[in-house]
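I'd like to ask some things about the structure below.
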């Protein structure tokens, strides 16, 4: 199997699916001729032409609104939002329209699109090229939310997302776009939506993460191991609907849990996971579930590495929770 | 002291502050001549004129964007969004701009506005006249969020919000706009932002609520009392920043807690409150913290009373939690 | 301690305080329709302007007349049902029937319609069954929207009618995407997108027209300029002299039409469909008309506009104008309206009886269609709800 | 297991794959500036068009020339610093200096400027200290933005410069609200709002111009039409023939100007300020210019546009054109540029040295200014961070 980075794996999935299914179209800012500001759609314009890989005017609302219309017509649009920080001009189309279309029409009009967008910090992008807005979409009923942590999952999850009957927000952790490399099957395969993966087996404490922070958790887990704490690392992969079984199983095993995410702490997905664990495994808890997250401030530029929940911030919480 | 309903109390606060402070202006759809679709701004156009009570074009993004600009100039805008369901076209201006202005300019440009908007179900408004989007704003650092449950608080909290240096989302529970009545001081007074109120003293279980659902909790508490369960009811009043002290004190007293809100469960404020309680009072918990909330579906029309967390749905959870 | 719930308001309530307001503006002078650029067909007397006459077959003209009268009667009945508390809400089209029915008539069967909320007439003209509509209005178990949406938020895929949404303007961009999708697939069809004058201020008007202009999507944008967005008059909506000229900003040809002249509306819409079919892209139509009633059953317009303004518009009533055209040709007699009314009355009575007697949607149904298949959390929530107690009075 | 972090991308990376693309479009032909409606002042040779000449004092012309040269040199230096990895990012204005400096010059001191991200020149012309700017570019402790924002996202209240934001278009509506606020307060001032051609597609362009048109806010909308929005050419941005004509949709008078003719830009901006001062409201200016460099330090335009297109624009270089005007009058000699460069070089060297040597903002500072006073949760988060370990390499 060839080695690919995340960008290549996502590009591979898009190419494969566009060859297989002529209904798939890509639209967005700079996705065409230049292949996207991160080059994720590179080469697709050349292969599929301007009708299927479409540079649009500078309007996220227009991109998503038009994509919804295309979906109602029977196409399978995979719009790109250049940075997830710029998704908000389209927020009304996503939460008021896309999320509710199937429901409000009694099933007559499913509006299935996959919104691809780079997420998270790590490129010194400051307030507006670094945010992780997943919980702002998870709270809204009707959207599936996915975030892969490695090239093989990225390809398989994207193919699953495009073939899923429901709208999907597909968050691509830009910090590891090129840095995360691995073997990727060249063929057609999917990774199921709604299933987490155990990235590291452990028995003392569970850490739940996704995307770029997974690697920070693994790093912290290795450091914890040196101190005799055996950490289990769960890679959520699908952020909604959560793999609640995997979470509960792991927490029942370890009795201790830490959730890690880049987004601000308050009303982030971490809080929801803690509340769900309370509901489903309260009597198994041997320590208070903890969160290591971005702070409740805008995402800063110079102090980016102080803001992010990197391994040095995760480790103490892991140890505390394990030793509670 | 005169009796007022919520609409009258809010109107009273606006009039008082507009008389006191000539920087205060109101803008929004139908707020002027007709005094708002719920009549909350009735009479203000006549008293203060078209320069300070302004009917705008139909654009929430325009209303909030312009209000931010007015605030930068030195006015104190109190824009109205006709229904909180229609706030999303302005979401980018709120989360990318309003919330971050003071921070990103190193304090040079605080952008202080108060966004008033009716919230929640109870008027048979279906998907788009019923939602409770508070957690979508609480997650975003830089915004204060307020939701009163009675006329006296509504007036005092609105005056505090207008005088607060930070941007505030002021959610008005439309279900009780006219139904909640009470004595309201005609004079100038404020209710502090960030302070909860104990709406009912109790020792067995704490229920945390706000806005219209407070009355459902009180009703359920009365029914629970008949079954020998003594419920403490906390009215949050300010949704962010939370009165964490009041919450922790009550939970330490009862050891049991139920959070109630209209918004969908997942990633709602309830989950955050449960997670915070875990962090701050884990060893005091004698039962799993529970949530009684709207479901993770769009807000339905016919089955509105099945969707809402009314007393009949709150009571069983109260009893279960108390008897756990 | 638990206050009674206030279910009275989606919209405007009549002002209770008498107030000395500046005289409200007229918001669109009826004489605007006399401007030279406004397309008209019907002349006083029974003649038609031969240069613009779309030459609609007499049987079709009569069908349209019937549809206008029926639509008005249906509005009246729904308003009455709302006043009686039997239906929660209704938003009618009094005075705007010609704009709605003329434009819908001009679209071909294969074409699609993206309504705002005030174009029931378009759906009915396409054959949406009255029973389907009333089941929706009562939000009962047979409502195709499964009782989930407010009244007048229907959809009807078989009739190529998209799903009505409350947020203003959102359907405009979607209509453009739909039409653009057809163009990408090399399917020749056109899409009619309806919206009001207020909607021209929305983000989505801008996005929709901009994308349509760039990608030459085959869309007919029909702006019903009825003078008001709830209480806000058109002068407060835009600084431009007309809504039609907004097309210039997007390179989209546009036209103003007398929206109370059904033949003129048909003419300009047919021209727009022909442009779309020739691959020339979108057209913006501004139909000059007037919202003769309140915004909806929640609104009392006396609080913000003078009754006087209405009088001039009553002269221009689209039904009366078509009647004045039909009568001299003996296509209309006094008996015509009575017959239409009698027939409709029977249909309505039956449909209302059935709709009202049909029970509410099941609890289960609340959890369907959020996703294609309910995930674990919705299954859990559904089962918990079904096991628990029901609300009082259910 | 932890992969190295990729810090290379805010923007476009050069294409590595050779590809057979259709010839990229030119996006704004330089000869557009010859259209009869485009305002020009500078003629070939050293004469000025007397009908449009704003009659700027020679000393001011020289000051503007100096400012243009300095701006270009500063761009070059910042780009070099970015290439050396000393500064994280820079977005320059190569080729657009006249549009930026001419319009800023035409505003009165009391007026305000709402920049997009490419108008450093306007802030510098108003006197923003170079040290302040460089402290910001290095995101150090003295950065007035406290190292929180990306480079080139400054603000400067004392100079009436609003706060730069990344999301495209948001400043437009804010500028309108600001100007409208002044109007409500009966304070006579004007606001200059800058944005690019791409920004005309944003929600906020529509909202801003619509509100300004209705409320007659004293705003000068300056659209720098530089041909590109990153890789997207103007033909993909709008179906309209010009950006100026978008003003019609809002009832806003508009004008096209040769954006590389600094005197012409001054002329149309002064006219717009005069209109605003007379209470006549907003004006939309389309300045025809060209982005001669990549979008930013993250972009390599060779991936999407032919070098050939640049040649014609180099002929129209705004600095060279002003120089051709100054030289015959002996206001410019070869020595002029050398002197400007030498002076700037000394200033820059000193400022960079200080900025680079200044330490990063404190941990505490990360939690300030979210609110006026940090609530309990931020105090807790701050204290926890300060107690905990620091990241590697800090």
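To keep things simple, chains are lettered A, B, C and D as they appear, and every chain counts its residues starting from 1.
The rule we apply is simple: contacts are C-beta pairs under 8 Å (C-beta built on N, C-alpha and C of every residue); 3 or more make two chains touch, one makes a residue touch a chain.
Remember, predicted model here, so these are calculated numbers, not experimental data.
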Per Cα centroids, the chain farthest from chain B: D
Pair exhibiting more inter-chain C-beta contacts, B-D or A-D: A-D
Whole-Å gap separating chain B and chain D, where each centre is the average of the chain's CA atoms: 40
Whole-Å gap between the CA centroids of chain B and chain C: 34
Averaged-CA centre spacing for the pair chain B and chain A, given as whole angstrom: 31
Residues within chain B bordering two or more other chains: 56-57, 59, 61-62, 85, 88-89, 92, 96, 100, 103-104, 127-128, 141-142, 266, 295-298
Touching two or more other chains - residues of chain D: 143, 148-149, 153, 165, 167, 201, 203, 206-207, 210, 214, 236-238, 370, 377
Chain C-facing residues of chain B, complex: 29-30, 32-35, 37-39, 42-43, 45-46, 55-59, 61-62, 85-86, 88-89, 122-129, 174-181, 215-216, 218-219, 222, 265-266, 295-298, 300-303, 305-307, 310-313, 315-316
Interfacial residue positions of chain D with respect to chain C in the complex: 201, 203, 205-207, 210, 212-214, 216, 235-241, 245-246, 248-252, 281
Chain C to chain A touching residues, read off their complex: 143-146, 148-149, 153, 155-157, 162-163, 165, 167, 170, 172-182, 184-185, 203-204, 206-208, 210-211, 214, 368-373, 375-377
Sites on chain B touched by chain D in the complex: 25, 51-52, 56-57, 59, 61-62, 65-75, 77, 89, 92-93, 96-97, 100-110, 141-142, 144, 165-166, 194, 241-242, 244
Parts of chain D lying in touch with chain A, wherever the complex brings them together: 1-13, 15, 17, 19-21, 24, 88-89, 139-140, 143, 147-151, 153, 165-168, 198-199, 201-203, 229-232, 236-238, 298, 303-304, 360-361, 363, 366-367, 370, 377-378, 381, 385, 388-392, 394
